[in-house]
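Quick heads-up: structures coming right below.
Below, subunit A partners subunit B and then partners subunit C, in two separate complexes.
The block that comes next holds the complex of A and B.
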């Protein structure tokens, strides 16, 4: 369950559909629906952190299931760069990408549980993400 | 174009020191193409600085600006107001831009965020390779358009050297020997006999070895050539 201090960029072809099906999955996270996960830029991810997000999740399509073909791959590269920049800046790797499909909300639940976990050093409410 | 790479963030922090008002100014020309300059990269760097300050519990202000070119005086007036505000201007232009902005604003602290590396071309998306050394005495007409000054690790003008193994350079086994390329290119053009012509010792005074270079176009130049050297 994500709190108010989380931001979720949702691909309208996957993440947004899953969220509509089961809004509880992303909890109170601030949602931004995007045309494709690949449209989420590194700057969007950093700006989310800069503006207070402790966790930023891009919910994009499964590989080989992306309507834009390479959008989900590009999203993964950008999440990786954003995390590298955050770590370089003295922050934690707060960005993650999760794969989703409209007909499989359980997959997203599992993916979220795998990438989001507490960061003890930053207080009980803080979260850090790991990317596969 | 001019290719550059961003300095490590730690080094940038070290350069900025205790500055509290930081202007991150981008150049929108060459270094934008190689994805270290331009408005977007400046915004990323500015965001990193803000996040770092938040994590460190410091209060800083960071402004962002982007100019079409930092290497042309006519564009620099747009910086005046921000420069008066800033403790330091962190430039994501190449070294040329940093020099000129600092020359035009000698009382202001202008510092580089980039290491300017070479004159190059986009080889593949996300990869640039050096193509020209700016030596001031071009020989490309003799070498099939392949620059031996920068594409040969030894800048040999009568190659190849003994270190060429299976067409690869001894300095980097993943790099094709420039002279292998030159020979194949001239062969392909039916110009092999030209390879027998000895290239005399290069006069490096036309390169940076001869000191700071300048170029004047008389019909345009309005100043005193000696004074503005």
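The block that comes next holds the complex of A and C.
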């Protein structure tokens, strides 16, 4: 389960619907509902880390299930870019992407369990990350 | 809410939700009456069958559609409510429900189906008595909730046709979707729990929709497919497992095999809602599925009319809504461009109130397309690229094999002594090929003529094909269900007959097969020009949001085999219906471009899959600028984050609230 020191970007067609069905999955994480995973910007991810989030998760649709077709792929690129910038700045890679459909709470639970610990375990405690 | 009277939609499953949302999109208020306590029908309980990729089962769309219906200002949802009265008087149609009486313009019935009650009618399967015997629906529910992951079985069997294709129980029809459903569940389980040993017992594997062959091939790699239906399932003596007793149709041996769990693939039964049937004066077939309604303003859609998949049900709901819109709001609806000539598609569009024009190209976006015709440019509301056989090119067939669709070969085939037809040698599952092969075989009733039709696909879900096969057999045709691709040489065809357990060599004067169809150069150019061309020149259909006909470009639809090479006549017709039903789609979002920041780098144009950005002359700033065309915009916001100059803003999801919300994320 995610704590208050986590931020979750939820695609309104997948992550937000799973969260509505089982709010316990994302625990106390700060939720931001976006129209598509592709709307998540590197700026948003870094801002969450700057604000103190130790874990930042984007919950987006499966490949071939994105209403916007390329949104999930774009989200994955942003997560990778944000992590690269964090590592470059001496911080830990704290961003992750989970793919889950609106009707797959168990899949999201498993996906979160796979990313939370690696994300939390990577590198030192959250350091100051200055974003433009 | 407008002053116009509403359309009542009865049933909140896939078809009912799709119909309600389509009507609301067309500006017609909807009263959605659902007997249950929530929207979504039975599929709302189905889990995701994705592996690394979406399985395109469409089950996840139901939650999205239920949310959209509840959020729509034009849809009033009445849950836990039944329709108790209906007056079909043209001067004033009244629907009574939940103690209220409302005037309505019409009614769309989407009352769904009932899962087969296998326990009482198949006591030999031990459902509810033998430990480990369950249903595919229950297995799906446990997969969805995660219970299956926590306590997985070591061995799992699926038993098909539980409650359908069974004359003894009066259900001698195929439920069509169960084979795909069971195989998708099996694949999802294998992806999550690769150690579970799985077996599927079947009579015939029935294909529904594109990708079925690939699904069967994939499943064959990790599970056993046994052509046999169990006679009995009993408890393991001294144990707790379920023992499946069966006679292997292929091997012929009587076997008993224990499994930790056995999932019965329950068929789809009609709801037999006699009150609704008499209320709306519905006609039903021998199994209770709706076949007609007496009132002009009463339509029906979805599984109440027969076994149907979720995707098909959604499309059926949209098509019924389009038909209702035509009846409620008669009059011209604009012109549709047909890129390619197809009289049937044109007739369907014209029936729906659209004028049609045959075009060679298309410019612009949804709502403001311009079709290029030999007589000049014509404004159109949307475009359909029909896929018809006459327009196509055929891929080369192997040596010694002639095309089933060659007039010259057909003429010879009618009179020749020995003929072998291979309808799915190259084309895969194609209804048109099977139909033509069986029709030709049924014609050949000459005393000295011998005909073999070798098929790899069962068509038990297609009653018309079953009838044709019976006619062909009565004419002396031998239909062989082969389990491997045949070997072909100059003297004939060698096939492996799993029923006999050996190879057969069929000497033939002529060998016919259905070639795979490929787009013509003109069709390829049209698709490429619209950025719609996929692998092999066909469009890419593998996204449930695109349904049977939609493309990434709003307002442009691709129908028939051009979208999916394995598409049949029936699905071509359905996709044409769906295309026409979806032609007047409302905008989903709007993004604005900051003229001061836009550097005309074309990133948005290059990256948007929907073709929404364009470069236009801006009068105010007296220069070319990017412009996001709202009619084509899907509202995803991808361009906002991609723009290097941060020139694009998205009114519905601006940055500020996102950044403000993130301020709450801290260690606390």
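Note that in this section the second predicted complex is superposed on the first by the 117 of 132 C-alpha atoms of A that agree within 3 Å, B and C clash if a C-alpha of one lies under 4 Å from a C-alpha of the other, contacts with A are read in each partner's own complex, and residues count from 1 in each chain.
Assume contacts are C-beta pairs under 8 Å (C-beta built on N, C-alpha and C of every residue); 3 or more make two chains touch, one makes a residue touch a chain.
Note that this is a predicted model, so its numbers are computed, not measured.
Once subunit A is used to superpose the two complexes, subunit B occupies space next to subunit C without a clash. By the document's definition of touching, of the two partners only subunit C reaches A:109; subunit B does not. Touched residues of subunit A were counted for both subunit B and subunit C, and C has more of them.
In the superposed model, A:86 lies in contact with subunit B only, and not with subunit C. Of the two partner chains, neither subunit B nor subunit C is touched by A:15. In the superposition on chain A, A:47 makes contact with both subunit B and subunit C.
Superposition on the common chain A brings subunit B within a closest Cα-Cα distance of 5 Å of subunit C. Overlap of the subunit B and subunit C interfaces on subunit A comprises residues 41-43, 47.
Residues of subunit A that touch subunit B in their complex: 41-43, 46-47, 49-50, 85-86, 88-91.
Residues 44, 46-48, 50, 52-54, 56, 59-60, 62-64, 67, 143-146, 149, 192, 542-545, 552, 589, 607, 609-610, 634-638, 640-642, 650, 652-653, 655, 658-659, 661-668 of subunit C are the ones that touch subunit A when the two sit in their complex. For subunit B in complex with subunit A, the touching residues are 8-10, 40, 43-44, 47-52, 54-56. Subunit A makes touch with subunit C in their complex at residues 3-7, 13-14, 17, 21, 29-32, 34-36, 38-44, 47-48, 51-54, 56, 61-71, 74, 78, 99-107, 109-110.
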